[in-house]
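First chain written, first letter: the chains are A, B, C and D, and each begins at residue 1.
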Amino acid sequence: MLKARPLPPYLIQRYHGWKATTYTENESWYRTLAQEGQHPRAMMISCCDSRVHVTSIFGADQGEFFIHRNIANLVPPYTSDGGQHGTSAAIEYAVSVLKVAHVIVMGHSNCGGIKGCDEMCCGKAPALDAPTSFVGRWIDILRPGHERVAGIKDDAERARALEKEAVLISLENLTTFPFINEAMQRGTLTLHGLWLDIGEGHVQQYSASSGEFAPI
Amino acid sequence: MLKARPLPPYLIQRYHGWKATTYTENESWYRTLAQEGQHPRAMMISCCDSRVHVTSIFGADQGEFFIHRNIANLVPPYTSDGGQHGTSAAIEYAVSVLKVAHVIVMGHSNCGGIKGCDEMCCGKAPALDAPTSFVGRWIDILRPGHERVAGIKDDAERARALEKEAVLISLENLTTFPFINEAMQRGTLTLHGLWLDIGEGHVQQYSASSGEFAPI
Amino acid sequence: MLKARPLPPYLIQRYHGWKATTYTENESWYRTLAQEGQHPRAMMISCCDSRVHVTSIFGADQGEFFIHRNIANLVPPYTSDGGQHGTSAAIEYAVSVLKVAHVIVMGHSNCGGIKGCDEMCCGKAPALDAPTSFVGRWIDILRPGHERVAGIKDDAERARALEKEAVLISLENLTTFPFINEAMQRGTLTLHGLWLDIGEGHVQQYSASSGEFAPI
Amino acid sequence: MLKARPLPPYLIQRYHGWKATTYTENESWYRTLAQEGQHPRAMMISCCDSRVHVTSIFGADQGEFFIHRNIANLVPPYTSDGGQHGTSAAIEYAVSVLKVAHVIVMGHSNCGGIKGCDEMCCGKAPALDAPTSFVGRWIDILRPGHERVAGIKDDAERARALEKEAVLISLENLTTFPFINEAMQRGTLTLHGLWLDIGEGHVQQYSASSGEFAPI
């Protein structure tokens, strides 16, 4: 038998508060969304980290962003192995079915997944090297990025550089998907790379012309 | 060269608005979150769908929910094949590193991924059957759930039942992960299954005792 | 022969600047909008006044607001006379075809149309009383509102009260349209009344419970 | 009692963001506009369509364009029937009170109102023929334009031609207003006809000498 439990009371109470206020005041919009379907303009790929709220930062309402969140906002490269790839499935749905105009990858400061990747690649986290470590195998995606920052001596500086590499690796991998390339060539899709400083509330974006992240 | 583009101006404008208001009014909390790290009490697994905002529904602030979002809020079964499993990595990080007390799976009405799964399993969506369909292979996770609702004649009714099966299949698969079982046996983790009616703003939860979803 | 002239050079120059920057950086979104059609979530009814930019105030991008602008943001009452009613046509298209979730009427301070209505109703603007005055006949829509503020002695105060009456009269008239009523009863449409102080940048909204405009 | 509702939270949040940034950085200009009144140099007549932002395309700031937006950017012919004509009122105010130097009519591609007119005139939209259809009666203004393009066989080509006819019909109707003619004869007013391709970001203007629309 499934061992599911009732929600904690504080969540039930908050839900009823939401239902009586935010939902009730906007029920017409919720019903429209249900009946007419979603037409998001952008897909946002960000981290599962509880401190990263893209809808708040960009003033987005229900219906605006199609959001995939995984550890360290990583996109694996395209493969046609017929396996189960949740991130690739989300991207395919956003681009091929919903036809979003933008795919935005947002990395962030103080990222635990990135720190784990740095430690693993520096040989300091044997547990992550184990084949049974889901986190370890997932952040393998970022290994090519680590090679590009491995020369940085300062740990904090190297972690921050690796956080930005995670965005770049994901952007690079996005362009290995045939349907992404086709949409980009048709001029109906653009890619964007962002990095958020959680504590300072700064957002930087990657500029292809300068090859650097700069404040927006 | 990476073909990343600058953000659309309206998003930049909105970001600056957020920075000048929400961030500025709460910067002490953002800085605390950055310095002290995240301590989320729950992991939320929900759909990428742009209409599902769990932080709004449950009044959650920055730092409360560790959120993984994928197509149709699916959790694959545990495997030790050493492959790249983004969803399993997110769960492992939440339970083993962050030690969340709750893993909550939230399905929803009008789900495009679930509708695709229903059509595929009914033989009406050959494109999703192709080995190269990322969406198709991902929603294969739900095939055992479709068998349990296949007898329902009405399309809309069957889709709704399948949306709830997606929650149950995910809960079942969660219990195949050794670290989940250990935490449940230690009494430090509980699982929860929810289903959201987008248009009506109703949330139902699965009750293990009744074996049904009921309003919270 | 039509006496149309070429655009002034400064507008041509600005257009080319927009094309080379804003358009180019966002062409994927423009193409998506062209191919997929518009799905605005709200209809905004505001004044033609050059100082009222609802898209700026609400951070709205191309595709978000269906906007009708006329003198003094007025909605005439429903009529089935088979005549040519531009405002009623815009509302019908927004609600019945586009199925927007919100109709928002935004009045504003320093409104020339409202001032003209006040002068006309106070007998100080005979030119506006003429049957051939398009402005005069248009602002006749607001006469019932003027009766409710006619007792205010101070000219500036009375004009401001009349600006808010223009919003209320429009909201009242909106509810005389059968398709508006039906959508409201189905719970898929809500009405909203706003008033903007141009100089101070304040937006107030009408509260049905208090019967007053209050800051948002 | 008026059934007005509070604004959705995301719009309130965005407004506060605008107030704290765009408004605050430019408050001297907003206050000047409020105290000195508006002195727009041009009236823009464009469609309500959410995808048409003339202020963005022409880099126009608060105070530059007096903007009337209706379905399909149509101007009805002059009439002295003493009725309520919102478009004619807007034009009268712009030309006779504000004394704008330009009246610019801007049509656009993918226009739903124009498509409806084409279907109605081709006998494929009986609902629009009903006397109670506000949209149908409004786009009757364009019937003379449809006669001029009815010979075009291809649907998409005919719709595009009709979009341009909507601009020409409006320009023709503008010259039936006595105050427009007087201002043109005094040399203080010029008319301009534009057509925007939403997806490609192209703007064409009508040339009286060639009788054609050409890129600007």
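Definition applied: a residue touches a chain if its C-beta (ideal position, glycine included) is under 8 Å from a C-beta of that chain, and two chains touch if they have at least 3 such contacts.
Keep in mind that what you see is a predicted model, and the values were worked out from it rather than measured.
A.B. asks: Which pair wins on C-beta contacts, A-C or B-C?
C.D. replies: Answer by contact count: A-C.
A.B. asks: By mean C-alpha position, what chain is farthest away from subunit D?
C.D. replies: B
A.B. asks: Can you check how far apart subunit B and subunit D are, centre to centre, with Cα atoms defining each centre and the answer in Å?
C.D. replies: 45
A.B. asks: Calculate how many whole Å lie between the centre of subunit C and the centre of subunit D, each centre taken as the average of the chain's C-alpha atoms.
C.D. replies: A distance of 14 Å separates the two centres.
A.B. asks: Taking the mean of the C-alpha atoms as each chain's centre, how many Å separate subunit B from subunit C?
C.D. replies: 41
A.B. asks: At least two other chains touched by the same residue of subunit A: list those residues.
C.D. replies: Expected reply: 22, 25-27, 29, 31, 33, 35, 59, 61, 63, 102, 190.
A.B. asks: Inside the complex, what are the residues of subunit A that reach subunit D?
C.D. replies: Counting only subunit A, the residues touching subunit D are 22, 25-26, 29, 59-61.
A.B. asks: Hey, which residues of subunit B end up touching subunit A in the complex?
C.D. replies: Counting only subunit B, the residues touching subunit A are 1-8, 11-12, 14-15, 17-19, 22-24, 27, 30-31, 33-35, 37-38, 40, 42-43, 48-51, 53, 55-60, 62-71, 74, 76, 80, 82-94, 97, 102, 104, 109-110, 112-113, 131-135, 137-141, 168, 171-172, 175, 184, 190-194, 197-201, 203, 205-208, 216.
A.B. asks: Flag every residue of subunit C that touches subunit A in the complex, lowest number first.
C.D. replies: It comes out as residues 25-29, 31-33, 35-36, 39, 41, 59, 61, 63, 99-102, 183-184, 186-190.
A.B. asks: Along subunit D, where are the residues that touch subunit A in the complex?
C.D. replies: Spelled out, the residues of subunit D in touch with subunit A are 5-6, 8-11, 13-14, 17.
A.B. asks: With touch defined as at the start, can you tell me which subunit B residues reach subunit D in the complex?
C.D. replies: 13-14, 16-18, 20-22, 24
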